[in-house]
């Protein structure tokens, strides 16, 4: 195949755009898995929940999907706190999280997915918004707005979470909770409460990422499955605990997938993130950017 | 002494981040010797045990056992060549009965294959540590001193040349301490070298032929108990200046 | 390796053991004959197909439990091993016209090797990484198969199955017999593992890995054996599948639905013994066959999900553990 | 206003093992009280009863903070810290992958401490210049002595009235032990704290202690009102060195 300069730049650009969106999908899993040590396999299912809520209010009331998300996020935060409370009561408290807890989230994944399936059916659904459709063109390079908007929102989301984590008392406590849970009590913080809040935040970001997804492409409930491994791959690749690492890893995965689609064919793209994950686990389990 | 040492640790160093837990520690143990390893809390005793048994990889130095360098051996390989340990906090296999706990090392470390042989050997060991009445009990019903005995019994079942008893007596009453000491003396009488790590000085003094003192990751004294206890540096480490 | 010795603490006399075994075999044989008779009595091929599905889940659940229940590692990638079995069949059928029975050992070896490789990569890390890695492996393999035109790529492949098989009658009957034999074999294997040093070693590792290693248990090696065995059995489960549905494509073979069922069955039945996966598979399998016929198949997954969440949260020892608990309280 | 700690008839243990058999001690306003004894005699358990990490089976733990009385038994650790009782735990328990400054700021989580955060941070850096030099370094990469200083600093950030220190000398070279012990005395004087300190290093501890208790087998073997009294006691030598 000829690798033309235009093709190359286009692939790189769309990879970076994709990476921005991936960062939004992985930020929640970095919090839940990397910082709280909760392997929330159901994260992508909650993304789909966000996507379908955006779809529902968009078609019913004509509201912009991003505005829907802003309204829905506080509810997702509360839902996340409830899910964590349940998880804590049933598993963490009797320190049985490894086997049973993983299976728990796997079950939740299917409950949410099939729930959406029963309500919305198996057809692909999409949203309408002014920025879906037009592209910005610069010579031979054209950038669709439906990719630019998720990139901007995704980056904005990651930056706000990062600021929250590094500048607030609550944020620092979240960073600390995975390192030494009991020591957190010694500085006057209830670690269970911190984890509950953090898991709520993680779920809120999942819902937001779902709205971004449905802006990029039409979705049906099981699309979320494609993201299970991808978000974990990004999280592990990025070193688990740093959002900076997650953003870089997202960009790498986005670009790698985009190049693979362009030069080897889209059918190879799903293997990219997983391949990177397996290689990372084999060679350097602490991730590329782990410290 | 003219015999070759059973264990020779040379320049053993272990760091955790910026914290040096062991700094070029040398330690020797001769066949059938009883060594007491003491030192204030956090001085590196447990780290040394973990370096000896293979839980930690060394950042420097070497461990030679019975003439061969075992620095890169796995935990289970070290057990198989004759280094067994008991744990400070008892770690029984909760899902197995007392006698089944003992059978695990008999099968895996000693390599016995005949069930009847293994069962007989396990019961013999239980008798030796004084647990034969509880053979079919689950570990969760055992008392603290019984759990310590199970720890010792399981270590013993690996048929070791060297037994590392890591704080086997902490939290026990005086008479219980004596019970454990008796078991240890008997094992030593059967030819097993023993490293006793203990805070109970009475027990260390009574048991050890030689005492080594660790302070802040370094060995500061090594010799007969009386001499070591009178050593000004030891007194300083324990009592301060 | 001393993994073949019987490890039960009491050692009854040899003749008593043989008598008991013989009795067990006899009862088993009678039950199997009765089962075939009952299925024949329905007079439809469909009965065999439904029974095949249930028994296939017994095999998968038992396979999963060898690693998940005995060693405590969650495998999300059942579908990957299952699909290795499927596609070994497709490949061997297209390339050599190899019959099913000859394909079985090849699948087992391939799936076992993939299990070994995955285990080798991740078992030294924390358990959750193994779980994620199995998930990842399923997608990588699916992508490979999707792009492998020889076995049909994303379009899938057709398998022509013989009308009938001598001695067995219809091919459905034959497939069921094979699956039943493999399921029984897997349960016997699981029971054997439980009672020998492999199972005892795995139990010790699951309880206290450091203490197990200090007792001379080669933890990594035992876990790798479990991973390979578990993978090989899952591969076996997938091997007859193309003959069963006569058409197979990557989406079906790698479906996550297989994975969730395989996890749910042992956890609902109980992971501690060989009986748990069997009970769980029978229960869920029969419920699903019934729901598929009467309501809809998408509801199936909902039921599996809800039961899974309920059981792991409320009855972590599964049905078998729950019943044992009741009995102990009575006693 | 007065801050003090009274412990009466305290009993505690782990499972079947009883570690403390009826301990009564008092730490009065402005005092530094040392809990002495070798390992395994119950010092840490006593400290953990004060900080809510171990629940006593009998007895009372009552703290007075700024004239207000609180029964500590049954309260969670974080509640106790919130009252104004800071803990420097055994083994330091820092957050190794956070920077020095982030560790310190976490110490000021409780609302009352946040008001004084600038003042306390400046004070910490003044007292421990090493921490100031290394504020952006990860806590886990520092040496043992620096980590101990950070642990003390982190406790101070909660603006405590009562400081509870468990084995500050653990794992430190003798020279550093002296330095850490001295810094505790300095802090106490500068901030007007009341201090309860468990320490196995006898002579270092009594350098700064007003009074001391020696624990043997979970009971108080000696209660001394002056450091001199402790120095002259046979109990200590016998206990520490096993010399009869």
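To keep things simple, chains are lettered A, B, C and D as they appear, and every chain counts its residues starting from 1.
Heads up, the rule we're going with is that a residue touches a chain if its C-beta (ideal position, glycine included) is under 8 Å from a C-beta of that chain, and two chains touch if they have at least 3 such contacts.
Since the model is a prediction, treat every value here as computed from it, not as a measurement.
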Among all other chains, pick the one whose mean CA position is farthest from the mean CA position of chain C.
D
Of B-C and A-C, the pair joined by more C-beta contact pairs is A-C
Averaging over Cα atoms per chain, report the distance between chain C and chain D in Å.
56
What whole-number Å value describes the gap between the mean CA coordinates of chain A and chain D?
43
Chain centres from averaged Cα atoms put chain A and chain C apart, in whole Å, by 32
Would you mind listing the residues of chain D that make contact with two or more other chains?
96, 138
Viewed as a graph of touching chains, is the assembly arranged as a line, ring, star, complete set, or other?
ring
Give the pairs of chains that touch; include all such pairs.
A-C, A-D, B-C, B-D
Would you tell me which residues of chain A are touching chain C in their complex?
39, 41, 86, 90-91, 96, 98-104, 106-111, 113-115, 117-118, 225, 228-229, 232-233, 236, 265, 267-268, 270-271, 274-275, 277-278, 281-282, 285
Using the touch rule from the top, collect the residues of chain A that touch chain D in their complex.
169, 172-173, 175-176, 179-180, 182-190, 241, 291
Interface residues, chain B side, partner chain D - complex
16-21, 40-44, 143-144, 167, 170-171, 199-202, 204-205, 215-217, 229, 234-241
For the chain C and chain B complex, residues of the former touching the latter:
2, 5-9, 11, 197, 200-201, 203-204, 206-208, 210-219
Under the definition above, what is the set of chain C residues touching chain A in their complex?
68, 72-74, 76, 121-122, 125, 127-129, 131-133, 135-137, 139-140, 142-144, 146-147, 154, 256, 259-260, 263-264, 267, 271, 298-299, 301-302, 304-309, 312-314, 316
